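Listed below are the structures to be examined.
The following pair of complexes shares a single chain, subunit A, combined with subunit B in the former and subunit C in the latter.
This part shows the complex of A and B:
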């Protein structure tokens, strides 16, 4: 066994241990801020696995998208509404926990069965390494063009939805949503742009 | 330095050969070699920070008609060392109600990605740690980790100013990452590669006239503004605006943990200046191509003697360009007022983002219509 393969194995076990324990922590910890930070750790671990598979572009993209954007936004949202309030105890929480535990174990058993019964071809196809960036680009603009474009439409929809949600003043005027407990934070003197001024004054 | 060019000295090869000549195995020589470039670059980064701190003190003093540090060493050159030593021996205080684990982890998460990004900084054709194919993209990805560290330390300090500072830092970082990436993308489009080596090589055809700054003037300005914002330098130092937020996310930190923040921000500044010089100012390139000068004196570029001179000129040029930009950043810090948070976000989202998108499209159009000048 060479030094390279030994290092690779050690890295693999370290990364999987990080991912599994981190993921368990995300689900089981009661402090949501810890969960969010651990989620970032799990994403980083997955990026490390991609690196081990010689897919450096995918690893960097994973860090950029999941750690740099998704996880930061999650943290941002949690910390912006950082209110300490005691949650009401939910009825039958014990049974719910046991039930979801059983479902999770079932899923796990299913995955293990798939893992054991599939004839994996080891070693898999050779990694293309540095060339992968070019190949990903080629695939995105030829045979995966439709999914690529559909994803962009989906993102556009999400963005419009976010804008509509963020501009609550327009919704308020139209549907008169009842005031929630955060409305004092929102600057209410904003002038809505999307609807004409007369309908507000009435 | 794994790549082996036809021209150029390869220190790795000669190091390995020397060790194998002494009777060591090839893999052992390789293992001995691996940490060397990293150590050299890390030391270079730290010395760069010391120089920047000294410059900051001296230039700020000059801007305010003071003398600045002058007793520690000649011209106060040892002042940054004294600063570092002071921070090293200071008591490490963790506030009683702070979250101890996150409080410690925060500064580490801020520094590590910045230091890792030095992986892709080239000082010459073969003078970098690793010519990874994703090059500049690695830096963009790594720099997106930093806001998590800032949020973490802001949250863990259990202090409203810290939390606000952390949130501001994250918001600023997210907003300015996008125009930054888009302006980098325009450069990448012209050089057909993400690798920093290729980006510099593409600019060194005709000396100073082929630098990207002439082809990407708008991209250069956008990148510089965004880099300043990512480094949290004035006029964008809102996360630690001392008049409003005491010191932002750093408020509760003392001793070595504070020093990590300090170090991180200065390493980031030097790194950003380096990347500006690599992306837009021709990296290690001399204003007149070295090949031309060599042919003027009828010398072959492949001679070992010429190679050493070329490499030294490359390093000097990179550092010179970088420190010109650092000087500019320091001057900006001591001459411009701070923007407000709404102005900052407006500038990022409503001005820089559309402009950088237009710049990208314009570059693509130019690339299609003038493939000779814009890297077809």
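This part shows the complex of A and C:
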């Protein structure tokens, strides 16, 4: 890729600003829908960083999987559980936020210190640039063949697990084994099973 | 170190990855909405991916093993998001809330 280094740096700073402000918006905004859309922006910015690193295949995979699948999944989940509820105030929540903020800043300072003080062995071997997609394919079908196959099994397990977990009629199926009368199941009140016992008594 | 004329140094990528990771950790601790917790986990996974890609490009330029690892991390993250959101849906069906502070069934 032959982009002049000034252009590269401008792109890098723009992407950095997008990613950092988007990530701050994801954790700080109170509206969860805005957070989800900003998360999509963060994913796009990260894909742009991958393009700057000459990794076009991984950038495409990032956009397809993260923006196209994970972010849409999160938006669907938000739509399914979107109920306006007033969160109970918790004693010392502000104190907890500040304390964890200090801990996170400490972690950040530690990471920056490691980053700047370690003598990285650069420059390494010359980057292969545009041939990276070919090289990834070679890796996946020679020395990373077993993890590749395991990843497909993992995806299958995750798919079946997600379907089983999110099915609506698991509780009704249990009842239908125990009770024969179907009308009782239909007329049964739809109280959640695991609801807090204290809140029912009150 | 950060001269404005040369190519982008490796440290700049590591810096932005650590910023993203720390924001993710803070969001993971402090979010009360369960969906936002999952989003924070995705942010942290992306920070790790940036690290892997930067090292793969700067230090391991001819055998790009970091890129292969990133592909695997993306795969696992997709599986994690699917299962996590399914668990969240079933939690919401049982407790009819997404407040993390009310999921304290196993708290001692």
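Just so it is clear, the second predicted complex is superposed on the first by the 159 of 202 C-alpha atoms of A that agree within 3 Å, B and C clash if a C-alpha of one lies under 4 Å from a C-alpha of the other, contacts with A are read in each partner's own complex, and residues count from 1 in each chain.
Keep this in mind: contacts are C-beta pairs under 8 Å (C-beta built on N, C-alpha and C of every residue); 3 or more make two chains touch, one makes a residue touch a chain.
Just so it is clear, the structure is predicted and the values come from calculations on it, not from any experiment.
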Q) Of the partners subunit B and subunit C, which touch A:68 in the superposed model: first, second, both, neither? A) first
Q) For A:40, is the partner it touches subunit B (first), subunit C (second), both, or none of the two (neither)? A) first
Q) After lining up the shared chain so the two structures overlap, which partner does A:57 touch, if you call subunit B first and subunit C second: first, second, both or neither? A) both
Q: Mind working out whether A:79 is in touch with subunit B, subunit C, both or neither, as first, second, both or neither?
A: first
Q: Please determine whether it is subunit B or subunit C that touches the greater number of subunit A residues.
A: C
Q) Given the touch rule stated above, what does A:141 touch, subunit B (first), subunit C (second), both, or neither? A) neither
Q: Could you look at A:130 and tell me whether it touches subunit B, subunit C, both or neither (first, second, both, neither)?
A: first
Q) On subunit A, what residues does subunit B touch that subunit C touches as well? A) 57, 61, 69, 73, 76, 80, 132
Q: Using the touch rule from the top, collect the residues of subunit C that touch subunit A in their complex.
A: 1, 4-8, 10-16, 18-27, 29-33, 35-36, 38-40, 42-43, 46, 49-50, 53-54, 56-65, 67-68, 70-72, 74-83, 85-90, 92-99, 101-102, 105
Q) Which of the residues in subunit B end up touching subunit A in this complex? A) 27, 31, 102, 132-134, 137-138, 140-142, 144-145, 147-148, 151-152, 154-155, 163, 166-167, 170-171, 173-174, 177, 194
Q: Using the touch rule from the top, collect the residues of subunit A that touch subunit B in their complex.
A: 2-3, 33, 37, 40, 44, 56-57, 60-61, 63-64, 67-69, 71-73, 75-76, 79-80, 82, 129-133
**Q.** subunit A to subunit C touching residues, read off their complex
**A.** 5-6, 8-9, 12, 16, 19-20, 23-24, 26-27, 32, 35-36, 39, 42-43, 46, 49-50, 52-55, 57-58, 61-62, 65-66, 69-70, 73-74, 76-78, 80-81, 83, 85, 87-88, 90, 96-97, 100-101, 104-105, 107-108, 111-112, 115-116, 120-128, 132, 135-136, 139-140, 144, 147, 151, 154-155, 157-159, 161-163, 165-166, 168, 192-196
